[in-house]
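Sharing a structure with you now.
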């Protein structure tokens, strides 16, 4: 072992990544036995996704390196190629930084570049949010990263059981909850009026009336249903129109198909159907949590509705297949892609109102606990599928 | 479904790949309902690895595209970067070829580029040799590719059970044996004299005396033990010297560390210790099978000793961790990296002589059967981890 | 020479590229002795730049290959890296297409990737618009491409003399005018009312009153003044406000700094200063020509003001250094970056009104003539600096 | 200007690069007003080209970054792609190192990646050995780099005049000689016996008899004559055989076609025609200089015969087109590719014996003088073609 603090390198590849690893980064930074390295990559660097890197720097996480890898186009081809670009560049960065452990977050397409680069270079790979089930290419990415990672931090007990079932060594699987819940647990929710006025001053479209209830809409493309994203966003926007409640609408992420989602929103606006709608590109994670706490209902297919929403008790209408199979609390109502069922779901949830807190994804202590494991876990390189051959044979 | 023969694209990334998928390619070519596309990539294009692509063309498989991706240096960094280069290029190729199914073979580091590119582009990914267990980075690559693949062709019953245990849908797992055994089963072994004389005319070093028994040595670097490859090859060469039997020695593959293996062999020669040793870069798969049939004992860490060796009953001394955990027949004796134990193992195997045939990895019909499945299997995009939640909870 | 029509591959990397090579492509397509190949690359594929590739297909130029190479970020770093990505991909494309001659257009940053790839692969490289002088990195790119190209089609007599002065072989330099003028010469200018109504139905902001004169504004970043683009666009927008005439404003291209230009325009709009301004992303080249014919004055730093503007006699105010040194007709008034001088310039030009036609950049026959040379020119690989050593010594 | 020593980054991409810039690096390192940064790239990192980076480290130049970019295959396609890989990676490195000036050496294919990356990133680019004339793709690369560079250090007066004739600003062109001559001027030539015995202990083939004269052969592929390299090397080897003098033969560089040159040498050896030939991969520059001083005649197409050879007065037979047009002293006899004319040339030169010193390429002070300019030259970004328009028009 080198005679220096252990170097732990967190690769932050998007705004969402940052929200889901930030309390781990804080805890690592606070430890004496660890040197935290931060690499900002992919959409975390792009202004149309809110330049998460700037917020990271404001909050004290200056990146040791930045890796620009998003090739414009946002279709399945560029999604693969952008990952390839990351895989070309990250080894150079890891060679310069010489980390002991590399942390990769969740299941976005470019996540796997981090996992491959680090694993091939015989660095110990740590992975959060393994073992979950969803739709989109994320489902494949997530489990492939599990098979490349040496340390696993699944967010729920069921996810942990799945990681073990996939043949990971029990000594490497730590069920400590999701760091994203830490942010929720410590959030100051503040007043709805202050929050809404702040956001009305940003974005475009109609201002939201802070005295009246509002919907919160966020819908990403499903990469495995590429070519259908435009129809899908149109249906959801139609449903919102039909329900008639004012709504805050976010632009989508950088997955294949997001250009179609954006187009749907643009056309909706250009046709003048956007009365009562306010459009935002991105807000800090803490602001989004406050929106989830104050909105009447979430609509779309963001995993936040299932994850942070469970803890907050936010009524949510989950549209389509993107979250299919993912664990969720009682706050989520699943519907298909039809505008009528989406509208029905929203009305059901509005009638129900807020739900009880559900600590399915953690209780707010994950960051410190994960950092504690990362600081002392034995380094690993060679993996080995961990099955009892006799048990397998008996099946 | 498009109104044309199904397009099945096989990506051949090395000489070994070709040997392990060739009978599938033959069977696909012979079908009317399939259009076979071949992509030659990575070390399959390089002359120091025998330009496998030339042999493929001779045997009627002209590539639709070639992808040069090996970045010189052969260390963990370039291994990751070469994979990234493949992942940048393969999407362009798949866009031009528009295959329905992409076939990726086994577990070499660049294999995952094929799997990622195809999966991200919503093509159906088929994978052979999943579910095996070994050392080196191959172990991680193999299982990660399983999690990206939609159709699985494991080579043994136990491998198939492992693929299922990892959560793959039983409808997508086909236990049909390994196509590499097809080549063994149909091989004409011929006379030792003819074989040896042919090889004496190639390569360098002492000619092999065709009247006397000979050892067959092939040792690759273990990527997860990068930095130890030189010591490891030196120990094996010392053992060969100690045993004193003439030996055919092959140069290693392109994994990180292969430069060190090659250096060990070069220094061994330059020090004049190579009396009785003949050195070869590569031979066609059929020739290698004949060598395995005629040699007195194999030494090193090639998976061929375990796989083709089981069917042929070739006595084999398996050195170190590269094949750790992989299924093998009774023909294999495992030893560590010490020269004494390697020499002991060789002497034990020479005393034993050849073994009975073991059809653990198949009986010679895999190629046709796998092609049959590929021709008619339902296309798939969206994967889903396939576990019974109740069963998981009960554990 | 191969016994088949000569293959000429035109790489179109942007909407502007297309406008400046289209009549050459038409003429090549009409010839029996030539097979035209089209590669669409870079911003020609991106929807926020109008997906020029779709217009190309509508007009009968289906690309043989597409190369996505723009890495998001639009700063000097990504500009270099995007060029690198093109240089990684184009060789694969040229290997598949096997052209005899590759045509690269003008001086955008990614142009050099085409020139290098083709020259290194011993293909004959043809270049249009060499020998001009301007600011920005284009100045360096243009002359470097000249040194890599084998056939030169400068757009003016002075440019041709400069290409010769740089040491190019006189047998390879053809002064035939600029194909962009062909489009101008054959354009049907139509009525201002029809044109304006068509554009009012697109874009955003205030509609233009077709009965009143309007300004046409297009300002790109200067890459060698990266970091100043925001101030520069703000000054021009301030000048437009001060003049008070309604204006059509175009969004900028993809050079480093364009994000800052776009930001300036966005903030201008969000501050509600955009009364009387209509914003457009892009229009077909023919529509832009009609706008130049009908506007009261052009403002900004587009080369169109100098080039097509000379032929059309459009009064133009050229801001800053981007076109510094470029040939221009009498229709252009140069000003610096200050809002007052820009406003002064606009008022001067409005007072003057339209100018006489100037055929400095050609008379409308360049496309057919360049195609004629490409069809029969001797293929070349080895270049040689063409100076009279005695003359040099005498200097 | 930043308040710190000026950062000057030298990119060393090959063993030959190093020899031709080393005294500049030494002089920069010795200055207080400069921080020297070294980037090792391309074949400078590869063991089969002698891992120049190891020698650099031994001599006190530890690289700040290493860039692996050579894609295996050595044909025109990989030559272009390797350059693209460099252009993808170097911007990341320059972002991390933040140099003020980037120095690129001579004219090898990957040199242009350094020039483009730095120029696009608005760094000041300095270039050595511009303005020379030769064959191969180097001819195009060299002049294209001149058009991207801001500071020029041509090696001869004629080269300087050519750089000026190409339109470079006279204030940026410095005729200070070639740093490679510095090494020659300070070399201790030692005894032939010691030198030969040292080299006999390395390499392969027959030892050289130190009492007898020997030829020194080094022949690289001509990229623009790709496909002819095998015939060309065969002819030269035949000529050496015909002359019958013992010879030291070096393996070729990494240009497209070098695999064919290597193959020619290998086959020559395998056919047992190599009696009296000793083969070497590479030696330090100082050792090569000593070889040039002690050999009876150089044969091949290395530029060293023209450059260092002029100063040393080494009789040289220059074969084929690779150096066509390059300045040379009286020590060089040009011949074509035929074995008879090569043999004739060797015999002529052996009859003549050594030549007088010619300081055409410098007198041994270039390194210090170039470093002096680099330390104080005004930074530049925007270039401008520097011609007197009136003078051009008058031609």
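Note that the chains are named A, B, C and D in the order they appear, and that numbering of residues resets to 1 at the start of each chain.
To be clear about the criterion, contacts are C-beta pairs under 8 Å (C-beta built on N, C-alpha and C of every residue); 3 or more make two chains touch, one makes a residue touch a chain.
Since the structure is predicted, the reported quantities are computational estimates derived from the model, not experimental observations.
The equivalent interface to A-C, defined as the listed pair sharing over half of its contact pairs by residue number with it, is B-D out of B-D, C-D or A-B. Taking the mean Cα position of each chain as its centre, D sits at the greatest distance from chain A.
A straight line joining the Cα centres of chain B and chain D is 41 Å long. Measuring from the averaged C-alpha position of chain C to that of chain D gives a distance of 38 Å.
The distance from the centre of chain A to the centre of chain D, with each centre set as the mean of the Cα atoms, comes to 52 Å. Touching two or more other chains at once are residues 77-78, 81, 85, 88-89, 92, 95 of chain C. Only residues 45-47, 68-73, 77-78, 81, 85, 204, 259, 263, 270 of chain C touch chain A when the two sit together in their complex.
Per the touch definition, chain B reaches chain C in the complex via residues 65-67, 85, 88-89, 92-93, 95-96.
Residue ranges on chain D touching chain C, taken from their complex, read 76-81, 83-92, 94-95, 109, 112-113, 116-117, 119-122, 133, 135-137, 139-140, 143-148, 158, 161-162, 164-167, 223-226, 256, 321, 324-325, 381-385, 387, 389, 392-393, 395.
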